[in-house]
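Below you'll find the structure I mean.
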Amino acid sequence: MATPDKVTDLTSAVAAHVRDGMTVALEGFGHLIPFAAGHEIIRQGRRDLTFCRMTPDLLADQMIAAGCVSKLVASFFASGSAGSLHEVRRRVENADPKPLEVEEYSHYGMVCRYQAGASGLPFFPLRSYAGSDLPKLNPLIRKVADPYGGPDIYVVPPLRPDVTILHAQRADRSGNVQMWGIVGAQQEAAYAAETVIVTVEEIVEEDVVRSDPNRTVLPSHAVTAVVECPGGAHPSYTQGHYDRDNAFYREWTPISRDREAVLGWLEEWVHGVPDREAYLDKLGAERWAGLGVAPRPSQPVDFGRRRVAAQEAS
Amino acid sequence: MATPDKVTDLTSAVAAHVRDGMTVALEGFGHLIPFAAGHEIIRQGRRDLTFCRMTPDLLADQMIAAGCVSKLVASFFASGSAGSLHEVRRRVENADPKPLEVEEYSHYGMVCRYQAGASGLPFFPLRSYAGSDLPKLNPLIRKVADPYGGPDIYVVPPLRPDVTILHAQRADRSGNVQMWGIVGAQQEAAYAAETVIVTVEEIVEEDVVRSDPNRTVLPSHAVTAVVECPGGAHPSYTQGHYDRDNAFYREWTPISRDREAVLGWLEEWVHGVPDREAYLDKLGAERWAGLGVAPRPSQPVDFGRRRVAAQEAS
Amino acid sequence: MSTPLSDVAPASTEFLAAVAARQLVGKHRVFAGVGLPTLAVDLARRTVNPDVELVYESGICGAQPEGLAEGIADSVLVSGAAAVLSMPALFGYVLQRGHVDVGFLGAAQVDRWGSLNTSFIGDWDKPTVRLPGAGGAAEIMPNAGECVVVLRRHDPGALPAELDFCTSPSPVRAHQEDPRMVPPGHGVSTVITPMAVLRRPDKLGELEISEVHPGLTVDDVRAATGWDIPVAEDVRETDRPTVEEVRLLRDEIDTVRLYLR
Amino acid sequence: MSTPLSDVAPASTEFLAAVAARQLVGKHRVFAGVGLPTLAVDLARRTVNPDVELVYESGICGAQPEGLAEGIADSVLVSGAAAVLSMPALFGYVLQRGHVDVGFLGAAQVDRWGSLNTSFIGDWDKPTVRLPGAGGAAEIMPNAGECVVVLRRHDPGALPAELDFCTSPSPVRAHQEDPRMVPPGHGVSTVITPMAVLRRPDKLGELEISEVHPGLTVDDVRAATGWDIPVAEDVRETDRPTVEEVRLLRDEIDTVRLYLR
């Protein structure tokens, strides 16, 4: 059966689908953060993006410092393992070098926004925020009456990114995407979007994916473009492929404190390299090897095959 | 690490957790239907149950005919692959031998009810029912106003079974349950319940489950009791273990048409056997072998292991 | 190229399945039910649309069954599928979010607006016949791009002036309840019966007779319909199945005549 | 049996972690954050509660890490875990449905009712310090059975009469907004500081001084608190960590002194 081939390269995917002024979600909760795609957006000089990410991470620091982002929609404003995002803080505390609009939720608020967006719902209810100042800070957090007589409940509006970008372990050429380890709200963030770009560690044959259909987080109908991009999540990690570069995260804090240092870093590590392959080369084989993991394979399960069909095929 | 052992036998599990008058969900959408558990409920003579199941299937025919059920909460009133459920029809059309209360939704309405129950929400919105007679038939289907200015939207109330019973491929002794193939709304139906009983094809070692944590549909905290019960889904099927007994489903239709025949069948196949093992013996090795499937294993994925930890362990 | 045509009866399963299969030209994703839709979808994949993605309410996407499925939850649809999603994801993210182009539905009754009754014949409280109910049809109708209904009967009972119960409403009924609640989908676009193909070109409009099966007249169809059904300007005779389509249905798709009658 | 006690300073990470670990006696499931909670939970599993199930907002349930986790999304928590759930399932089904007994939280400010500020110091519009924000704390507070807060400071800035911003509200504040919206959880039950252990025995009540760390007096604690904090009837000196607890923290749990300061 012929299937549409969605494989492209990252430069083409970003050029084709990410335009100035768009609402763009780059998701991955501490795991599978699509750094390579974020760097390509910086490299292509996108402007005025509304950047959506539950935990902005230092990827937000980088994209904001690079001037790509005019608004941040998020639920946590620090780097994953502690440490401030100083570019974000400079913008918010001192409008330095210029202001940054922020739309703020809690984690589950963001998850619910993605769920509403993914489901075509006008809102999503959650049992948070009663007594909180968050609804005063963000008037998009509202209340509805319970038609069954219970107390009012807070709701959040759908988040519908123009583009959602994710990283995953593998996909087939038609765009069936499989991931494992922490999967966060990626399925929701993708279904919420108009366009979905997925970078993967490897493009695999269709029969690999089809040997385990429950592992598919995004069927091909939810995916616009697939890019093979090994190491695309560094300095975050890809379960089973390479570990988080914790040293990198620690090194970022002093860089982040000094805007000039951030710009210098971007010049060297983003603009100074054409793509992720060159970035990894520059990082060096030794450092990369240090992030390697020992194998820990899942035990296979049996999906079975109708015996008549199996006999006919043999 | 010591973990609580939740393994018991089916007789004990039903005796301990299923009581007259309870609301009981037995879920599994065409796959993994917990027939063995349903038969044990019949055997123990439970009465006045509110029986919740999206697709009642012939399991509903059997449990209603056996006198266990006073109310049916469902979204489809026929056997999976066509064919009426005549015991249900006799009750509804002619109150024969007595009436059956029915509370009716669509499939997604039931899914949303389980989602609301599983999430502790007072209602769940869905984009169905505008213009339908279903809200007139079932006044629990209501509308709420969209606080963002869109049109009203229909909502359904949470479904919170006293007990949810599921069948799955495997679990460890502490009750981490893994299933694959069609998983339906089982995660939601379980989390919605106060008590969860899971019958499984096999109890496995903890390290089997922990080799693939993404396969776990129910963590142990959501499970009250685990029962090893091979063949527990017959005449429905268990992906990778045995196929659906389609002949049985076809044979049921003429039985279903005749209430005496149904009662005779229950006498022979439910009351006449002490447990599922005896039921399978009675079914016979030949028929059982005919439901076997050829192997089709999933390709393993790698979860990786921190190298320092791996080295320390070796 | 002259393609040999079959002379199977217009009321036969083969005829209906072949007509149904042709509705899938150019469609990406089809929400398929059990029975005739199973045959139609399988035939479409072997003829007019090899790329069509099969989506089932059981959560299966991109099925590539090695055998004929007996039901939408058949293991043969799971083995080798591209994805198996949870039902919240399937109904919420795939269907309600608008990823399904065509839904195949059956019904006991269809009215002029393409509203469906799959719940009751007679009184709701004490029905003559308790039908299967909504299932997923109440979701497919508002959310699929369009719906194709296949009926096994064409008479005023199956196509009445008034439904005994409206399970899955046309956008017309949604509009009557609240104009702002009109769903994204077109509702029923096509009804295939043993006599004719009815189409509803306008999302808020009525069904009209679009094709009449060989050997029948427009008047035959109108007489068998429970309301005064309009006739399309370009009404024509329904194309017969080809000999090859019938062969595929009989010799490759449904060799055990599970759905062929 | 006399257990040798350690003389680590009450303001030390070791002291705080050991006190925090003891809050987990008899608890089934703990929602653990990064930093001090990581140490406390690990220590509890090796001492008072080997069966405690670790749940992380990243979706991990029943983690059995082979090494020290740097963050709640560390791969070491995933490998060998009992389950990894999606975040909708984790926040919706596990947390909001009430399966978490204890949530460990940090905060920049805690008020008398146990409401937390993790958002802003100073004005909301132009803050002196932009703090990390809500994260999952706004969900943990209403939905966990109870919350334990560990503070690195004890002064009127960290324990003020008025929060600069209420990120994660006490049930008391929910009650003020609408008595019917009071959440199922108790809210903050315990605040562990470098000076004392404060407890809030009543779901709608105030914090009180329950334990005072060795070498300090109740008056020291009151003077360092931003409001006139009551003293529990049975106030006592905080139990010191044992030598063994400190050894476990230093030599087995955090050998690289990632969180120990």
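We just call them A, B, C and D in the order they show up, numbering each chain from 1.
Operating definition for what follows: contacts are C-beta pairs under 8 Å (C-beta built on N, C-alpha and C of every residue); 3 or more make two chains touch, one makes a residue touch a chain.
Keep in mind that what you see is a predicted model, and the values were worked out from it rather than measured.
Comparing the chain pairs B-D and A-D, the larger number of C-beta pairs in contact belongs to A-D. Of all chains, the one whose CA centroid is most distant from that of chain D is C. One simple way to say how far apart two chains are is to compare their mean CA positions; for chain B and chain D this gives 39 Å. Separating the centre of chain B from that of chain C, both taken as means of CA atoms, is a distance of 29 Å. The distance from the centre of chain C to the centre of chain D, with each centre set as the mean of the Cα atoms, comes to 57 Å.
Those residues of chain A in touch with two or more other chains are numbered 115, 120-121, 126-127, 150-151, 153, 180-181, 183, 187-188, 214, 239, 243, 293, 296, 303-306, 310.
Multi-chain contact residues of chain C (touching two or more other chains) are listed as 60, 75, 78-80, 84, 92, 96, 143. A complete list of chain pairs in contact reads A-B, A-C, A-D, B-C, B-D. Listing the residues of chain B that touch chain D in their complex gives 1-4, 115, 118-121, 172, 174, 176, 187-188, 191, 206, 209-210, 213-214, 216, 218-222, 303-306, 308-310, 312-313. Note for the complex: chain D touches chain A at residues 34-35, 57-60, 70-75, 78-80, 84, 86-88, 91-92, 95-96, 115, 119, 124, 126-139, 142-143, 165-178, 180-183. Per the touch definition, chain D reaches chain B in the complex via residues 28-29, 45, 50-51, 53, 60-62, 64, 66-67, 75-76, 78-85, 89, 92-94, 96-99, 143, 184. On the side of chain A, the complex with chain B involves touching residues 120-127, 142-148, 150-151, 153, 155, 157, 169, 178, 180-181, 183, 208, 211-212, 214-215, 239-241, 243, 292-307, 310-311. Remark: chain B residues 29-31, 55, 74-78, 80-82, 88-89, 92-93, 104-109, 111, 115, 126-134, 137, 150-153, 180-185, 187-188, 237, 239, 243-244, 246, 293, 296 touch chain C in the complex.
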